[in-house]
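Here you go, one structure.
Chain nomenclature is as follows: A, B, C and D, assigned in order of appearance, with residue numbering initiated at 1 for each chain independently.
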Amino acid sequence: MVDFRMPSLGADMEAGTLVEWLVKPGDWVKRGDIVAVVETQKGAIEIETFQPGQIEQILVDLNSKVPVGTPLARIRTEAGEKPAAVAAAPPPEAPAPVPVVPPAAPAVERPPVTPPSPPPVTPAAAARARVSPAARRLAEERGIDLSTVTGSGPAGAITYADVERRLGEAIAPPEKKRVPGLDLDAMRTAIAAAMARSKREIPHYYLEHQVDVTPCEHWLAQKNAALPPDNRLLIGALTIKAVGLAARRFPAFNGFYRNDKFEPAAAVHVGVAIAIRGGGLAAPALHDADQLSLDELMSRMRDLVQRTRAGRIRSSEISDSTITISSLGERGVEALYGIIYPPQVAIIGIGKTVTRPWVVDGAIGPRSVITITLSADHRVSDGHAGALFLAEIGKLLQEPDKL
Amino acid sequence: MKQEPIRAEMVEMSYREAVRAALRDAIKRDERVFLMGEDVGRYGGCYAVSHGLFAEFGPERIRDTPLSESGFTGAGIGAAMAGMRPIVELMTVNFSLLALDQILNTAASVRHMSGNQFGVPLVIRMATGAGRQLAAQHSHSLEGWYAHIPGIKVLAPATLVDARGMLWTALQDPDPVLIFENVMLYNMTGKLAAVAGAVDIDKAAVRRPGRDISLITYGGSLWKTLEAATALAAEGIEAEVVDLRSLRPLDDATIMTSVAKTRHAVIIDEGWRSGSLAAEVGLRIVEQAFWALDAPIGRVCSEEVPIPYPRHLENAAIPQTPKIVAAAKAALGRA
Amino acid sequence: MTAAADKPHLSREHMLDLLKQMIRIRRFEEKCAELYTQEKIRGFMHLYDGEEAIAVGIIPTLEKRDRIVTTYREHGHALVRGVPMTTVMAEMYGKQEGCSRGRGGSMHLFDRATNFYGGNAIVGGGLPLAVGLALADHMQGNDLVIACFFGEGAVAEGEFHESLNLAALWGLPVLFVCENNLYAMGTALAFSESETNIQRKAACYGIASEAVDGLDVVAVEAAARRAVHAVRESHKPYFLECRTYRLRAHSMFDPQLYRDKAEVEAKRQSEPIVRFQGWLQTNHIIHPEDVSRIEANIDAEITAAVAFAEAGTWEPVEQLTRFTYAESAMPAIGETP
Amino acid sequence: MSDIDIRKVVQEELNNIAPEVDMASVDPAADLREALDIDSMDFLNFVTAIHHRLSIDIPEIDYPKLITLDGAVAYITAHLGSSKS
């Protein structure tokens, strides 16, 4: 007894649909007789039997799609008629002594080719610590001495992750903390390292300035009245724009102190200190704050706050602020003296809005007032320039419509 | 009596004449060698490279062909398989596209496909590159395409010594060798030793040592790159110029040694940027010398545009010295 | 069938051999079809059923030193030329004992010993190659004939015209054999050629030509003798169009939507084996036991070839890139490459 | 929408802003800014969320009416469907 199987008719044929039987049980067939018709993606093809004998039994009913090799019918070979050597045997494995790869195997298995490990670069280069370009840049920006970093890359090469670990700043790795996506412990050690270094290296001087923000409050109330919540502005947007414009006019407060010299920044990227529920803090940058409209600034700020609190800030946003603003909001205290984020050279503190007796045109009356402070790097600027800078911010906030 | 040092006698010669000398030398030394191509005989060669050879060797060995690039390239392959050493001249790489099937599906494949029963010891020469205002269809630089094909070798002689010396070595090779001669080099003249002969065809050459940056190039762009190196030197930047000479196989060792030393690299390649030979060289540097890099690898390639006819646009389209200088400075962060 | 008079030296033994060669091809192709349905043979496969008379009629008239270039429908040519059936079958299995080390498969059979310069999967791709082989022999003064087989589909390729012109222009000893089986895959001749009389195309290049009934093995052999003699004497190309018909599909995966069943059935009555065997039997030149003896020997040879292929081994993956380039330097002048 | 539904919506939105706070334990009369430690940005997001979910217009001057849980629920119940946009 021999199986008549669904034949493979083409390199890319996996299955066929039997659409017509030309024989029935009991019929005698010769080698080469057409016994059925199979429908394939290319059309109907007549299939022949290579096995002579009598049809014993039909195994597959019409219009059923079956994979190549499925038995379709049984053929009783005549007594004494030796079934053709190959047809009878089930599709034998290729009995090859060499590692057996059945011809039907779609892809010839290849021993895993180890990726070409870079040949050792000539000795001159190898002596120098191998540091990835990305790691070199991060270390330079955060003032990390590479010799204090142990490399985890090939042959001890220092990678970006190594410098990160050294900084104690966890940017990406999600932690078990309540707020998903943020490792508050790692963040705390990173803040500690940055603040300690700032205090060690940067000679801070501090200035304070009282600013009447009543004009801002009136302007905001009148503007927001006509807007749906999505587009309403907060006073924070006004202060950021004012600081941005002032920083543009006073470059000594907008840039980086690196390799023992001050590099003024071409752009004004204002870092906004954002408190993270549960104790974290980050100061991602609002890029080109001086050129954004208030509406644009507000929507970017809302996005930044929302992403920071969800732990999804881009590493580029973390490391390229040119000046930072820290604000404790309405329920904080009146004045806040910040510590500069290295390698920046200034930080603005915004106190809470308080109602104060204030002389306007000779008459005393209640006004909304905030205390704005400046902590600046005395290696780069001095009090006189700081005062002008702070005064400029105060003046800008008197005409909110021009911001 | 003090021996006068025997200075090799030098001859003033053009790149074209150097190639012609190579052809004459090969045809004289091996009767299996013959030149076949459009107008190589009676006309003396489209770029006058084979000028005079027809009179000297006759129509059998300086064989003019009909305009049948696939036909006579296939014939060259067949003749090589049956014992000859043909040199097929495909007038320019632009016309070689008609013979690409024979080059790829027969010449490059037959040894491997036949289980090493048949080889194709054939040399194919073709002019390449832009610069003569021949417009889009006659200005291609496609060496990078051919350097993609396993089974053949690809050469780019940029100097007189290589123009004179690569042919004989290529003819000894049991597998097909393609030689690309940049059209802008034919008229270049210089000194060549009268006894100059065969040179190697698988090593790159450092044409100008330097320490700050590796400028890696080949063929027609070599001389613009050397010019750029001179300009950079005036600004205190010592550029090392590496002439690939062989585009397949690439001489990785020489490339990586240079980059490991200078830690910066710019690749100059007249092909179009996407999928160019420069892309291949660049990635090999990333694979093999990543840890030595101090800046991203730069590339100066042709603009991705069909080469336009007007001179000022053609010049703007293909690599030029100022672009190479700018790319080198950018790589060094001194824009 | 051509009249008996045209067959001056057809000994009984020679006629039996012609019949055996044709049946040998037919049975081999049938076994290949069977093995293909069982996924033992993969890829593309093009069978020679119905065209056997051409290979059997022409190739034996060539000498051992002559060279042959053919196409992907090449099993018949290889078998008649003398490539062992064992290495051909092993090649179809992709085993390294195959005649191309298992790397070529059905469409790329190569054999140096018999100067069999391969099948070619590019329609018309072999013609320039054949011209080149002839050019080398011409330049080296070798007195050879290069037989180049191709289908009528190749006539539409530019390389056909380029090659015929080169061969005529340079006076090269190429025997161009066009196996005109009326269908270029699924395109009948009338849908691809403005001038469907293929033989006439040779005249454009001043090449002597002849058309012959490709289904009559004796007629083909007679024409082949004339052609080969002409090429060897004149060193000029010769064009032989053999009008034939392929009984099976173009390749294995072809529902033959382009022709109807009745046409194929009708042609089965006039296919080369049926005609020649019928003629031999009616003229009492052969007897039934001759045929059964021939078939028994052939079946034994095929069974042995299949066993050889089954027992064959896969080329180790480490050998993958070997022979992309030559491993040894060029042999000295005079040695064969 | 019933009173309980509104309370549930308000609690849900406040929870989005202060996920770590257990809303059930919050004194409905307490100042939400103190209880949940939320700043003006959080409060603006809260008002925006209510505006979208319940299509209620909440002008800035009404903010003080929503600073306790009960206040918010009462205000919303009174102004259901008032949104013009």
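Following the convention adopted for this analysis, contacts are C-beta pairs under 8 Å (C-beta built on N, C-alpha and C of every residue); 3 or more make two chains touch, one makes a residue touch a chain.
Nothing here was measured: the structure is a model prediction, and the numbers come from that model.
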item: Chain pair whose interface holds the most contacting C-beta pairs; value: B-C
item: Chain whose averaged C-alpha position falls nearest the assembly-wide average; value: B
item: Gap in Å, rounded to a whole number, between the CA centres of subunit D and subunit B; value: 75
item: Interchain centroid distance [CA atoms averaged], subunit A/subunit C, Å; value: 62
item: Distance between the centres, which are taken as Cα means, of subunit B and subunit A, whole angstrom; value: 44
item: Between subunit C and subunit B, distance of the C-alpha-averaged centres to the nearest whole Å; value: 41
item: Two or more partner chains touched - positions in subunit A; value: none
item: Pairs of chains found to touch, sorted by chain label; value: A-B, A-C, A-D, B-C
item: Subunit C to subunit B touching residues, read off their complex; value: 67, 96, 98-104, 108, 110-112, 117-118, 120-122, 125, 127-137, 139-140, 158-159, 162-163, 165-166, 169-170, 321-330, 333, 336-337
item: Of all residues in subunit A, those that touch subunit C in their complex; value: 5, 7-13, 31-32, 40, 42-45, 47-48, 50, 68-69, 84-87, 91-92, 94-99, 101, 103-104, 108, 110-111
item: Subunit B residues touching subunit A - in the complex, by the definition given at the top; value: 256-257, 260-261, 263, 287-296
item: For the subunit A and subunit D complex, residues of the former touching the latter; value: 178-179, 221, 224-225, 228-230, 232, 234-236, 277-278, 301-302, 305-306, 329-331
item: Subunit B - residues contacting subunit C, complex; value: 30, 32, 34, 60, 63, 65-66, 68, 70-84, 101-102, 105-106, 110-119, 121, 150-151, 153, 172-175
